[in-house]
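Below you will find the structure I want to go over with you.
Chain IDs A, B and C follow the sequence of writing; residue 1 opens each chain.
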Amino acid sequence: MRGNMAKTKQTGQKLNKKPMNLRLRPWLIILPTLVVTLGILYPFYQAVFYSLTDYSLKKPVWHFVGLKNWLEMFKGVNFWHSLWVTVKYTIAALVVEMGLGLVIALSLNRKDNLFTRILKVVLIFPLMVSPVIATLLFKLMTNSSVGVVERFLNLFGVYGFPWTADSSTALFSVILIDTWVYTPFVLLLILAGLQGLPKSPYESAMIDGGSAWFTFKTLTLPLLKPVILITLIFRLCAAIQEFSIIYSTTKGGPGDTLMNLSLSAYRDAFTYSSIGKAVPQILVLWVIINFISSKLVKAWLKAKSANNG
Amino acid sequence: MYQNKSRFAKVLGIASTVFLVIYTIFSVFPLIWMVIISFKSDVDMFKTLFIFKPTLDNFRNVLTTGNYVKAFGDNFIICSGAVLVSVIVGVPAAYALARYNFKRKETVAFTILSFKFAPEILIIIPLFAIFQKLHLYDTYFGMIWIYQFIGLPLLIWVLRGYFEDIPVEMERAAELDGYSWFEVFFKMLIPLIRPGLVAAALLTFIFCWNNFTFGLMLCGFNIQTITVSALTYIATDTIHYGQMAVASLIAIAPEIVLCLCIQKHLVRGLSFGAVKG
Amino acid sequence: MKNKKVWKFLGVILSVSMMFTLNGCGSDKKEKSQGGSNTDHAEFSWDMCSGDTITVLFNEHQYVTPIIEKMEDFEKLTGIKVEHSTIPESNYFDKIGTLLNAKSDKLDIFMTGPYQIWEYGSAGYMEDLQPYIDNDKKTNPDFDSDDFFQSILDSARWDGVEGHEMGTGPLLGLPMGFESNVMIYNKRILDEKGLQVPKTTSELLETARALQKHNGENSYGVALRGELGWGTIITAYQSLYKMWGATDFEVEGDKLVSKVNSPEAVEMTDWYVKLIQEGGSPTWASATWSSCGGELGAGTAAIMLDATNNAFSQTIPENAAEAENLVIAPIPLPDGKTDADTKSQLWTWSLAMNSASAHKDAAWLFLQYFSGKEYQNESSVSAKIVNTPRQSSYDQDAYQELLKNSEGFVETFDATVDYTRMYYTPETYFFEVSQTWCQTLQELVEGKYASTQEGMDKLKEKLDEIVSHIEITE
């Protein structure tokens, strides 16, 4: 890895002959991005500050309360339950979607014919439906009396499958919607990654007569690793914060079965009007995402340099 | 040995085809269902599945009453604006992150990525206060500014990878041939990253298009967004599923059109793929 | 190393922003607003605020459609420009709460329910409308506020003291309509099964049981709301809870104390849980008002207990296949209770004014126009608004004609209107209380507690904790 870094540094120097220019140019190029984005830091820190107050939408006046909200959160059972729901949801969504996305991408990539060419476009479509609408559609289709999916299940003797109405099937149901909406995202990025793979290693693998699985394991997977990691980072950020799908199905119920941190924070902020109590939960999420993402980015940098070197 | 391999490949081929077909049904059926119910009246919605008298009332309702058409236009302006801003500031940033080594490069890259870390509801209340103070509430400027956060990290990170894949020697060679940096950038690099740029811009557009929270909280009178408007078809006398389906179909239409326009890019790019049997 | 620098940077920004925010801290004094005396007009005229612009936020609701249709007439009459926007119901109060808290000038008029009045009213976000009504320079002599049904108007009047009943104090909104809770049944299905219309709660339970799978595996007896949230608690459940003789809170000293584990409360909840388990939908826990209505209208559910509006719209043939077989009746009485024990929990949608509004007089003209007799009489018929808040609208022949289309509606209305009011104890933690309550109800239905008593005991502890911050002042 270090060798690779040195190499890029060298080539970088070759590209820019003037040292002053060399040092300033990247910053100048990035400057527009910084200009349009740095403003967001203010509301962010403002929100952090709110976690130290009893700020509530139903009170015009607020007071500084120190770490009270934080301590109450860590002491309460609700927070730990919500954290656990968040973890379950995230892992389930990521495993299903990454696995499914990978397998479908590979299947689509095996042959190039009209069928696969059409699918490569059509299978992206669910991503375009707003998650809220997708959820309402799902609710209509699974309606226990007239839903088309229910009628389909009736053919197999399954009646009144409770979907999100029962705590034992609720997680499965929301993951199903999540899968429908977001697998196309994984699929798209992995297909793009497959397209970028170099041809020559495969040709030599063919000559060596390696099996498909062997080729996949030793060639495709390592080469795809950077793409997989990037996809994982973006899916992780979204899945760990998932809100719309759960909110539009059960609002966190039945009981508190699906009350993940986003929902619980939303409920505290808007239904209970207590911003001060909501923010710490979101900040915990933020810290978790930050931590895992930084690890994944490191892994990504490593995987990339391994491929290039 | 050759025989063995081909049999294995055949089994694998059949398995993957079957799998694809099942997933395609799972993926496409809800969309077909959406089309079907858009022709269904509210009475039939809870009564029948496939056999009903199709009606255009839902389309008539959505297109002529209310302000769905206006919301569609507003949404288009905001999202196009946001994508444009993202591309203008994001492509150079991605290039800089890919090509140059400078202090805190990874910190900058990670900071850009971190805009994806904070849930919208964390910042929405302070953001609202700022919008109000700076008179950004309900303005195109404010909405475009906030919407460009939705896709910018993705765009920069995807394109960074594309730039890194282009051998630096190509750039050097072009520069030695007497092309200026700008010529190299626009005439050589941009065409090379085009598939990535187009795909990332499409994703950015999709995520902006479907955003709900910002449209709900930060605008409403002069500007309305399409997701917020679509949800108002859940009226309080009965859920107008048919109208909602029409609203959703109209909402995804531009995305599908865009997708089909760049389909050539996607497919051509994708069929370059080296993984073959 | 990099991280350290980042944190240092964060620290600096954090402390700077804290200084900024601290300046604002505590300086926000509650503004006392009077019945607008900023301009003096010799006498009332509709065009006295000509040239003003006001902003109105609507919840998506059938009350709103006729208002928007009339908007142009209002603008022509008054010379006021109205900017309006409609928000989906699921997120309506998120936006209202944020705008009110920010004292936004982008909100003059909004819609509200009685429970929200407790929060917004005690925070001082809502303008008292009584001084406007009393000022004949500002109010059209035809306005006639006595024409509103007393108990309905009272549900918008509150003195802002938690634990105090509604009905005294400032008038914080003007009702556009109200909803009580009723039973609606499908007489075709009941006849086919040879069942009588249930008059008591034990009959209802038996009938619902007998109606399970009345027409195939998917059909069921009684449709009830079950989705997590306050809506599940304040409709049929709360009405029956009160009819049973149970109370939510009692004032003890300067504290509110939950009574959800009283014998009546436990008995009632136990019955309700049985009704859901043995005569309700398998997907009760995700049932919303709309899915309940839809399934009743399609004949999947044979009976529904819900708000009048939801029941009534299913009796309109364009909305529901079974419309002509549906009959509205009062909610059955608990065993041993009489008609005098009838109680129906009230819901109203009112129009209210933001106390931070910069165009109060213009906003008041809007309020009085759209809660006035002329508009109310006309729209109650044209938009088929059941439970109009005005006596004169209700008495119109055309309106009575409209109601007759819905079998049993008028009789039920007459039998329950005097018992329809706000039975819930006003307090500002209502949403937290009702959500927690609903969560327990869902857990009881899933059988997560050994007994209903255990569930309600635990609920009492949670509710006492939630309202422990309230101190009742006199």
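Quick note on the criterion: a residue touches a chain if its C-beta (ideal position, glycine included) is under 8 Å from a C-beta of that chain, and two chains touch if they have at least 3 such contacts.
Since we're looking at a predicted model, the values are computed, not measured.
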| item | value |
| --- | --- |
| Most extensive contact between chains (C-beta pair count) | A-B |
| Chain whose mean Cα position lies farthest from chain A | C |
| Computed distance of Cα centres, chain C from chain A, in Å | 37 |
| CA centroid of chain A to CA centroid of chain B, Å | 15 |
| Touching two or more other chains - residues of chain B | 45-47, 106, 125, 129, 231, 234 |
| Junction residues of chain A, two or more chains touched | 42, 46, 57, 143, 145-146, 270 |
| Residue numbers of chain C (touch at least two other chains) | 90, 94, 98, 291, 294-295, 298, 300 |
| Footprint of chain A on chain C - complex, ascending | 10, 13-14, 17-18, 21-22, 25-26, 28-30, 90, 93-94, 97-98, 100-101, 103, 119-120, 122-125, 217-220, 226-229, 281-287, 291, 294-295, 298, 300-301, 428-429, 431-432, 435, 438-439, 442-443, 445-446, 448 |
| Chain B-touching residues of chain C, taken from the complex the two chains share | 2, 5-6, 55, 57, 59-62, 83-91, 94-95, 98, 102, 104, 106, 290-291, 293-295, 297-298, 300, 309-310, 313-314, 317-321 |
| In the complex with chain B, residue positions of chain A that touch it | 5, 8-9, 11-12, 14-15, 22-23, 25-27, 29-30, 32-33, 35-37, 39-40, 42-44, 46-47, 50, 57, 100, 103-104, 106-112, 116-117, 119-134, 136-138, 140-141, 143, 145-146, 148, 151, 180, 183-185, 188-189, 191-192, 194-199, 202, 209, 211-212, 220, 226-227, 230, 233-234, 237-238, 241, 243-244, 262, 265-266, 269-270, 275, 278-279, 282-283, 285-286, 289-290, 293-294, 297, 301, 304 |
| Chain C-touching residues of chain A, taken from the complex the two chains share | 41-42, 45-46, 48-49, 53, 57-64, 139, 143-146, 150, 154, 159-160, 162-167, 247-256, 267, 270-273 |
| Chain C contact footprint on chain B (complex, rising order) | 42-47, 66, 104, 106-107, 124-125, 128-129, 132, 137-138, 216-217, 220-222, 224, 228, 231-232, 234-239 |
